[in-house]
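Can you read through this structure? Questions will come right after.
So that you can tell them apart, the chains are marked A, B, C and D in the order they are listed, and the count of residues begins at 1 in each.
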Amino acid sequence: MAIPKVAVIGASGYSGSEIVRLLLSHPEVELTTLMTANRERSGTRLYSDELRQFRHRCDLAIEPLDYDLLQQRDISLVFLATPNQTAHDLVPELLERQLRLVDLSGAFRLREAGLYPRWYGFEHRFAPYLSEAVYGLTEVLRPAIREARLLANPGCYPTSALLPLIPLQQAGLVDPQSRIVCDSKSGVSGAGKTPSSNTHFSEVTESFKAYNVWRHRHSPEIWQELGHHRLIFTAHLLPINRGILSTIYVKTASSASPEEVSACLIRAYGKEALVRLCPEGEFPEVKHVAHTNFCDIGWRQQDLDLIIVSTIDNLGKGAAGQAVQNMNVMLGLEETLGLL
Amino acid sequence: MAIPKVAVIGASGYSGSEIVRLLLSHPEVELTTLMTANRERSGTRLYSDELRQFRHRCDLAIEPLDYDLLQQRDISLVFLATPNQTAHDLVPELLERQLRLVDLSGAFRLREAGLYPRWYGFEHRFAPYLSEAVYGLTEVLRPAIREARLLANPGCYPTSALLPLIPLQQAGLVDPQSRIVCDSKSGVSGAGKTPSSNTHFSEVTESFKAYNVWRHRHSPEIWQELGHHRLIFTAHLLPINRGILSTIYVKTASSASPEEVSACLIRAYGKEALVRLCPEGEFPEVKHVAHTNFCDIGWRQQDLDLIIVSTIDNLGKGAAGQAVQNMNVMLGLEETLGLL
Amino acid sequence: MAIPKVAVIGASGYSGSEIVRLLLSHPEVELTTLMTANRERSGTRLYSDELRQFRHRCDLAIEPLDYDLLQQRDISLVFLATPNQTAHDLVPELLERQLRLVDLSGAFRLREAGLYPRWYGFEHRFAPYLSEAVYGLTEVLRPAIREARLLANPGCYPTSALLPLIPLQQAGLVDPQSRIVCDSKSGVSGAGKTPSSNTHFSEVTESFKAYNVWRHRHSPEIWQELGHHRLIFTAHLLPINRGILSTIYVKTASSASPEEVSACLIRAYGKEALVRLCPEGEFPEVKHVAHTNFCDIGWRQQDLDLIIVSTIDNLGKGAAGQAVQNMNVMLGLEETLGLL
Amino acid sequence: MAIPKVAVIGASGYSGSEIVRLLLSHPEVELTTLMTANRERSGTRLYSDELRQFRHRCDLAIEPLDYDLLQQRDISLVFLATPNQTAHDLVPELLERQLRLVDLSGAFRLREAGLYPRWYGFEHRFAPYLSEAVYGLTEVLRPAIREARLLANPGCYPTSALLPLIPLQQAGLVDPQSRIVCDSKSGVSGAGKTPSSNTHFSEVTESFKAYNVWRHRHSPEIWQELGHHRLIFTAHLLPINRGILSTIYVKTASSASPEEVSACLIRAYGKEALVRLCPEGEFPEVKHVAHTNFCDIGWRQQDLDLIIVSTIDNLGKGAAGQAVQNMNVMLGLEETLGLL
């Protein structure tokens, strides 16, 4: 069987270049095409001239977006690593060319079009695609992902929150009356590559802050996938490059013993290659997941209060890594290829 | 009036040397004596030979602990910046010499002697002094501090949690049935100067973790001062040197409007020099309090859910700064001297 | 005698706000005026609304630049902490108002107007002021500084290089035929407050690089003050906020013994309060000078090869600290006031 | 042909665990054995219990060192990632068992046994093996490496210095009378995993220093391979985890034009996969080589003064990466396997 060919649109950003890095050492797909949707950039440049770390590793050029070319080159799957609104604008045309898509933006994550103006700042014009899009939380939604044409790759914070919470919620172990608190901390690469005073080195080093309190756009994404709004999500900016740690405070259902909680998580993830459950009483650290596609989960309950700590690399399992994992599922490849 | 003379026992550690730094530029006290309780160190050394940053700033020597000398030198107040058990052992003898003490350790913070074996790992032999000790949360307990002989300087995390919570709790604005969640993050200097794998640079940089989950010794200190146990405290290690940020999730009493919450905090701190309330909708950042004695507090309520964020420098308002503030109060000096 | 009043033009940047911080705790001058030369900013804002760390510390407003007002307010000295070309444009008008100036930019550091187009990218129109300006390397040029009307405050890198080198050069201890190598490393705050990809957190953390190799504008400043061009200066960007360390490789004159080298440095700085010579065989570290106005110097010679390491805080002795030190000298105050 | 089996002795340290990480994704060797020479550790533990980042990736146990077992298991090559003296003690016995060795320590790098007491602090008892050992600077000494029984893997600093310097030196482009200055800066992981005050987070973050000035043990290694002592090497500690940057100042031979220098480097490395020459006028950055096995080299000459900047990952090309590269050469595999 021929090795599938894949393309990346938006390979210059942090998520896009991490996809390229992963694909370059992937044994069973071939990265053949890099395109940009940025019209200010005309002509063709060598990718490794723009991102020097790819010298001696990638000799592809960045070409201007060209739908026909993608078809002619027999591309099996396209990664979209563009800003939200760019992805929103490109997806319909790409789907019409029969291309399968993994969209790393938030443009097709929320099922209700009406939420976009408030949370993303633009009108969503493609509600039908919102219904079709499959949310790519791989371990939880694998069967649907296999068949997806348009895969909405999860946000970084939601991945860290949903992986531990969904099984507990589905098993009825979460008290339905109480608020869940999800206190999340992320490295700066999550804010992207565009310089700003929020990401200026002298402002970030030796500091720490909460941001977008009560109004972070990952809140509705978490609420949607969890099936309710009784979760308070707060984002914080860590003075590190890569990694997310979420500390999650759950009131368990009155009948839920610590043993049941543990059994539930082990049932969900005990055999998963890319989710690692900490031994009892241990909690994960960001450094053990940085530059990997793992989600590590530790937890401990006292009476009805359960503390869960989960860690991911925001560019790994929180973006590019999970995107490649989803590609593996969509193309029928072994799920961990290129990720271990 | 003669300028009061003060001494520091344990000036080599991070808190102790920060006290020295503050006292050196304090206009109305004189630091005359540095002593060590560490018996492995014999003889007398120049302080600035051990801590090179004090060259050209401090020409005192570190002398072995000598109770008589402290009396002879007419010391008005002694700072204890030693390990917990060392402070426990020294305090009675120092008090008998009529010395007033500011103890930065936890040895006299908990009123119940019975809590010490579990939370501090040693038997407390001086229960009467536990009753006498005044907890030094300056803005909250100023009148008692004025008269204190033995001042128990608050822990760093408790300071960041208690300053915003106590006024709300006392005003009845906190729902008595619900858990408060206090998710705190601290710089590494809070762990002290002794090297360990937990504080090894390569293990800390670009990482982040929770630690001592469900069993951090600052929990009972917070519970005691808040007057109840319905608070979950979790500590995390930030890859920075100095600073604490606590994100606090409170369910307000059903009758508490956002206006009442704000009014309560303004009533408590609106005129305080060293507590700064953020304008509405703003939240504090660690960098604005690092190397200061400020506690910055921001908050925002939605329905009955209140998020508070407070920041301090763990070595400033969380240790040495508050110790100097308490000294100012105890000696009848202007409270902010040497701190602005 | 009335306390002298001072003003800062450009107080929002890193150097300017450090000057403000120092002046607020200076016991013998009064900071009365903050002005901006940036015409895009109209109206008057509270300084502490723009720089939140100054809440409860400074209640001045930032006013638009107004020469008349500076005169009316009886300002004794103005700090200019603006971009180079802005300072170049403002200085003549300010001098005509009989104001004494400490200019932190490079606009009046080079004596030859002809050097400005190449090294600073603009034509210098005020050659006479270049001759008048006094280079503010305090310990070296104190007598001239006392009388200066226009003080050109030294660059950060030149301060770290010139303090150790000038005495050795003047004493004839440097081999006149050989190149001196000055390999310097600076924290990111030296690049200022404007975000760019060079100072984007994710690009700087866990990295390190040389920049402007062979063409850094501090080279001609060092050559000028040292009196020759036989010095290679290379700048590097450290992933820290504040601090410079320069490692300097000197071939000594064949007659120069290690004892003579040490004697020369001790003669120059042994009694200086703000230059600290390391004991033999010790070398300085950035952390001991960060947030101070010290320059620490260590050195060690083998045969004719001398290695010198000097450290400063680029915003302290390398900018705002030395500016305040120069102000003290110019106003006839004790030189270390506000700096220890 | 059977896939070669390899073993690592000392897999718990930073270099050892990086070797394990690389071998786990190497397609043509099998890591079958982890052993420890530390006698204080008895019994067998799961590697991933000690190094949590290896959970789900490596299910090997760490066994006590057992020469017979290595032979029985048909090990083709053993990596030694132990302290210097441990390697010194183990090597003879391992060689007698006909095992091929890649030793990452310095125990067999210096050809003169007499240098060990001064530079390494122990007597070297195995001078004959010093003569036999092949210095593993892969690109320079490939033919000898192919046949090596005992490969002395180069030190991290020497790798960064020697790769650019050896071709220039061999081509006669370096002025034989002048000193070369090699000013090197390394991340903290180079200091190993044992906590000390030098590597305590609070002492390293936001700081920078030179260390072991005039007496770093990598000096004689560089002198030996370069063929002379006219090079001054200074090491500095960067507040980062991984990476080395060396700034090298060379006086070129009077006849050497910039074109010749460039031609020489291109001749040496233009076709090398793992050495990347920067385009003219560009200089490398640590971040582009971190977590890789590349050495990046940039340079620029003015008159006879040549500045070279080289970067490596101290654990990659400076240790584990080059060790795996050397293994590939020794076993006749493609040289870049597992490294791109």
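In the analysis below, a contact is a pair of C-beta atoms (placed from the backbone, for glycine too) under 8 Å apart; a residue touches a chain by one contact, two chains touch by 3 or more.
A quick note: this is a predicted structure, and the numbers were derived from the prediction, not measured.
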(message) Taking each chain's centre as the mean of its CA atoms, which one is most distant from chain C?
(response) A
(request) Would you mind telling me which chain pair, A-D or A-C, is linked by more contacting C-beta pairs? (result) A-C
(request) Can you check how far apart chain A and chain D are, centre to centre, with Cα atoms defining each centre and the answer in Å? (result) 36
(message) For chain C versus chain D, what separation do you get between their C-alpha means, in angstrom?
(response) 40
(message) Suppose each chain is reduced to the average of its Cα coordinates; what separation in Å results between chain A and chain C?
(response) 46
(message) Give the residues of chain B touching no fewer than two other chains, as numbers and ranges.
(response) 187, 205-206, 239-241, 285, 287
(request) Would you pull the chain B residues touching chain D in the complex into a rising list? (result) 14, 187-189, 193, 195-197, 199-202, 204-206, 239-241
(request) Going by the contact rule at the top, pick out the chain D residues touching chain A in the complex. (result) 24-25, 52-53, 55-57, 205-206, 273-274, 276, 282, 285, 287-288, 291-292, 294, 340
(message) List the residues on chain B that touch chain A in their complex, please.
(response) 178-179, 181, 183, 185, 187, 203, 205-211, 213-214, 232, 234, 236, 238-243, 245, 247, 249, 251, 283-287, 290, 300, 302, 305, 307, 309
